[in-house]
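Data first, discussion second: the structure below is written as structure tokens.
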Amino acid sequence: MDNIVSLEGLKVSFAVQRGFLSRLLPGAKKFVHAVDGVSLDIHRGEIYGLVGESGSGKTTLGRAILRLVKPSEGKIVFEGSDISQLKEREIRPLRRRMQIVFQDPHAALNPAMTVGAAIAHPLMIHHEATNEAEARPKVFRMMDEVGLNPPEDFYDKLPAEMSGGQKQRVVIARAMILNPSFIVADEPVSMLDMSVRARILELLLDLKRRHNLSYLFITHDLATAKFLCNRIAIMYLGRIMEEGEASEVYADPKHPYTQALLGAIPIPDPERRTAKSLPRGEIPDAIRPPAGCRFHPRCPSVLPICGWEGRDFVDMLAQELEPEPRSIARWLGPPTAWNVQGLVATRYIGETEPRFVIGLVRSLLRYAPTPMQEAVADVAVAETVEGPYVAIRFRRRAPLLQKSLGHRMVECLLY
Amino acid sequence: MAGKPIPSDVAIGPGPAIGAAILPPAMRRGILGRVFWPLIEERRTLTGIMTFVGLGFLVAFVVIALTAPLISPYDPLAINSSELLSAPSGSHLMGTDHLGRDVLSRVFWGARTSLLIMAIGVLVALVVGVPIGLTSGYLGGLVDRVLVLVMDSIYSFPGLLLAMALAAILGRGVVNIGIAITVIYVPLYFRVVRNHVVAVKQELFVEAARALGARPGSVIVRYITFNVISSIPVIFSISAADAILTAAGLSFIGLGIDPPIPDWGADLATAQQWLPNDIWWTSFFPGFMILLLTVGLSMLGEGINDIVNPLLRRTKA
Amino acid sequence: MENLLETRSLFIHYRMRQGTVRAVENVNFALAPGEAVGLVGESGCGKSTLAKGILEVLPRYAEVRGQILFEGRDLASLPRTELRKVRGEKVGLIFQDPMTRLDPLMTIEDHFTELIRQHRDVGKDDAKAMALKALAAVGIPPSRFRNYPHEFSGGMRQRIMIAMALVLEPKLIIADEPTTSLDVIVEGQILQVLEELRRRYGLALLLVTHNLGIVAETCDRVAVMYAGRIVEEGPVREIFRNPLHPYTQGLLHSVIHLETKELASIPGYPPGLVRPPSGCAFHPRCPQAFDPCPKAVPALVPKDGRRVACYLHHNVVEEGAADG
């Protein structure tokens, strides 16, 4: 199988912008780990769907493949060559082969350039034409192909004079004119009206057939991904949770996050209203993702070995303090009194009787999900230089590996 | 292009129109499309009227300045001792000054001086400030931070003071005043353009240009410049208005033009000693011209700003 | 039972440079207490204008004609103070983007205190108690009462908006695309919260959205808007099962869901509202358009358990329908 794109252990991290003063002061720089170790292959001629919510890193991944952002680690192989470390100048010629269609058609076009100029521009950048007059025939052909007919009418229009669907066609034409082999489609229809989406998706399919394109189709809409894609990957907080043939993933989702996503989709059929069980909370921030499996704090099928650590106990304590604080929680709180270091959470207990404290902790743990309780290795009080501390130690988690189940890949300890 | 059916979404319906005017293609781009045509569209609104009045003043001023030798009834330097400080009359519509020179002619010729100063002062600022602003905004980083610091320092100086200092150093003469004034306005052009560039840089279509493989130079010119160009006429008008006042101020203090050359500020300065004697015309007319031009330019600038900025907002559908 | 909200021959036009934008045209619409009604349509159909127009939160260049009755009283006839009371206390508003509605320089506590004390004469402590209660109902813990808006995630901000809409115990909530900017799981959570609160407090809901899925899940009735008019309106089950208006049919077909086998769309684009097509505004795009369609606007007439405005199903012309 010929892979048009191959990713190995790709990581993309951004430094978090800090204020002027905090930049002067010492302290670790914080990084957002938008993409945190992704390996995947996109076969030539396939539509590979990348599904995730906002904050999952899918948009960053798409841009990283096109080298619009610099990877921090890992390998990107495009059409057989490693492009991960190339300089900007070396990548420019490659841009004829790989292109992107953006989400927002209103923002993706230069308001000062006419349609004709915008579509002709790539030709001039890559020296396939020296001026617009020369490029015109090719531009006309392309406009015709994407459905901007008759081309003469649209050639001189400015973006402000066109509707969303028309603008998106211009964006597609501009991306296609150099005859690329690979296109990253980043939510290409999510900002268009419902009744227009189908036509743009049909156009994308049509172009794929005619030019033998490969697509990375990025979306948060599972239903569209199911319809369009050959294989899909579900992304959460920088990692891929599940990957497989689209129809199979939908028929039999393995990863609890996939199941949650599928369950959450509103169905436009009032006869089929079901009570939904949604995971609690929201996607956490990517600066300090949860340990082990990133989904474990929210997972309805979580196990004791999924990555519980000190932080989870303190978060649970914080939750138990609201809205009506339990007395146990009040004794053990506030959350800020706790120190967390990996698997261990500690708190200074002062004069309080150690056995009482341990009893409180154990009682509080009973309000936590069972897998978390089982993940606690022990609760003890230790004498330190600064006085007595209670320490809650969690068991070491199981290493999280990608499991292959037939043609499916799942990163989950349930399997 | 026979054969391919027209997809129905493209053929039917004009799509949601966002105030599209029917323009010939060439006119729609750049400054013409973004500024002048909408201006004509707005001609009946209050904003439009104000802008056209301002434009009218500016045009009248330029015409007067250019044709001064032709339209002045007298030689502005001609001393006529028999008609010292005579009030406005049939032969001297604006009266004469303390040397018998016709005020009207001096006002006309004074326009030339003002035009020259204004032109030098402001155009040079444009030629220097705008490119630096574009580059600084696009490159960012250390270069940008240093330039912003430098420009802000210059900008924070009271303009007239800075101009005075420079004029004192450079000496008198029209060109020197022009240079002194230039320096004051460079930071203004720099700042506005640079900030606009920084905003435009974040836009998706700039990232799209990179994705297409465009080189930074090309990106700046085609993608960024045209989009920031609309803020320039506004700064131009407002700084021109200010330049007139600064030049007048310098002349008033005596740091400006050499005495015999007609200049509104200088004439205003010499005229003030005669005011207690109820000699109003030697100060009124030059002062009034300064006022008219300044107000006109300000109206023009404000008007263009009002017209261009909502357009900017609207074009980002 | 008296209708909670009713519009009679409501017109909302905007006077703009390019002409008059006819955002809402002759809308007659009612909402009963405790009922959830969805207002659906695509961009430019007037649904947002209608929702905002009900509470007169429209820009100054908007012209409103017709009647808007809340609890039987014509809102236009109310003095400003009364109108404010209705707006703040009887009706709660939730908008699409919470970040633009929350002042970044004010804490949540400040927001609530200001809101509550504008409408009720209570002390700071009582106001705080009310606020905390509302926040608890949407799952925001009291420990975050003093946080600033930017310290919350998108989903939490939207919950805060809901809490603010609820704190004065309104009878009706108008939500304009409340979950459009949120992810599907968070959207599900928010809708669950809304549903729970509706049940507990007997709230009526006017949900403005383009997402037919959430209408199917949340609403009792639905009104479909096109070019400023309601073209079909009735019980959700009826309309989804058997849509009568060709636009409703087209819209339902074009939704991509998990069982979609092939893509469907409606040809053309939603019309501009300055010079809409003559007669039935949908006729240029309608696969079933025939003779009477371009001539005059069809009236919204009861048929088959709902109301529909289409000559395929009746031949009643809208009263006073002078086009142009």
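Going by the order they are written in, the chains are A, B and C; count residues from 1 in each one.
The criterion applied here is as follows: a contact is a pair of C-beta atoms (placed from the backbone, for glycine too) under 8 Å apart; a residue touches a chain by one contact, two chains touch by 3 or more.
Since we're looking at a predicted model, the values are computed, not measured.
Engineer: Give me the set of chains touching subunit B intersected with the set touching subunit C.
Structural biologist: Chains that touch both subunit B and subunit C, as defined above, are A.
Engineer: Based on the averaged CA atom positions, which chain is farthest from subunit C?
Structural biologist: Comparing chain centres, B lies farthest from subunit C.
Engineer: Can you check how far apart subunit A and subunit B are, centre to centre, with Cα atoms defining each centre and the answer in Å?
Structural biologist: Inter-chain centre distance comes to 50 Å.
Engineer: List the centre-to-centre spacing of subunit A and subunit C in whole Å, with centres computed as mean CA coordinates.
Structural biologist: Their C-alpha centroids are separated by 32 Å.
Engineer: Of all the residues in subunit B, which ones touch at least 2 other chains?
Structural biologist: 9, 15-17
Engineer: Send over the residues of subunit C in touch with two or more other chains.
Structural biologist: Residue numbers touching two or more other chains: 43, 265, 269-270.
Engineer: If I count partner chains per residue in subunit A, which residues reach a count of at least 2?
Structural biologist: 163-165, 196, 199, in rising order.
Engineer: Which of the residues in subunit A come into contact with subunit B in the complex?
Structural biologist: Touching subunit B from subunit A are residues 66, 68, 92-93, 95-96, 99-100, 102, 104, 106-114, 121-122, 125-126, 140-141, 144-145, 147-151, 156, 158-166, 169, 171, 174, 196, 199, 203.
Engineer: Can you check the complex and tell me which residues of subunit C touch subunit A?
Structural biologist: Touch list, subunit C to subunit A: 42-43, 132, 136, 141-143, 153-156, 183-189, 191-192, 210-217, 236-237, 240-241, 250-252, 254-258, 260, 263-266, 269-270.
Engineer: Which residues, counting only subunit B, touch subunit A once they are in their complex?
Structural biologist: Residue positions touching the partner: 1, 4, 6-7, 9-11, 15-18, 20, 25, 28-30, 33-34, 203-205, 207-215, 218, 222-223, 226-227, 314-317.
Engineer: If we count contacts the way the header does, which residues on subunit A are in touch with subunit C in the complex?
Structural biologist: For this pair, the touching residues of subunit A are 53-54, 163-165, 193-199, 201-202, 220-224, 226-227, 250, 260-262, 264-271, 273, 276, 278-279, 282-283, 318-319, 321-323.
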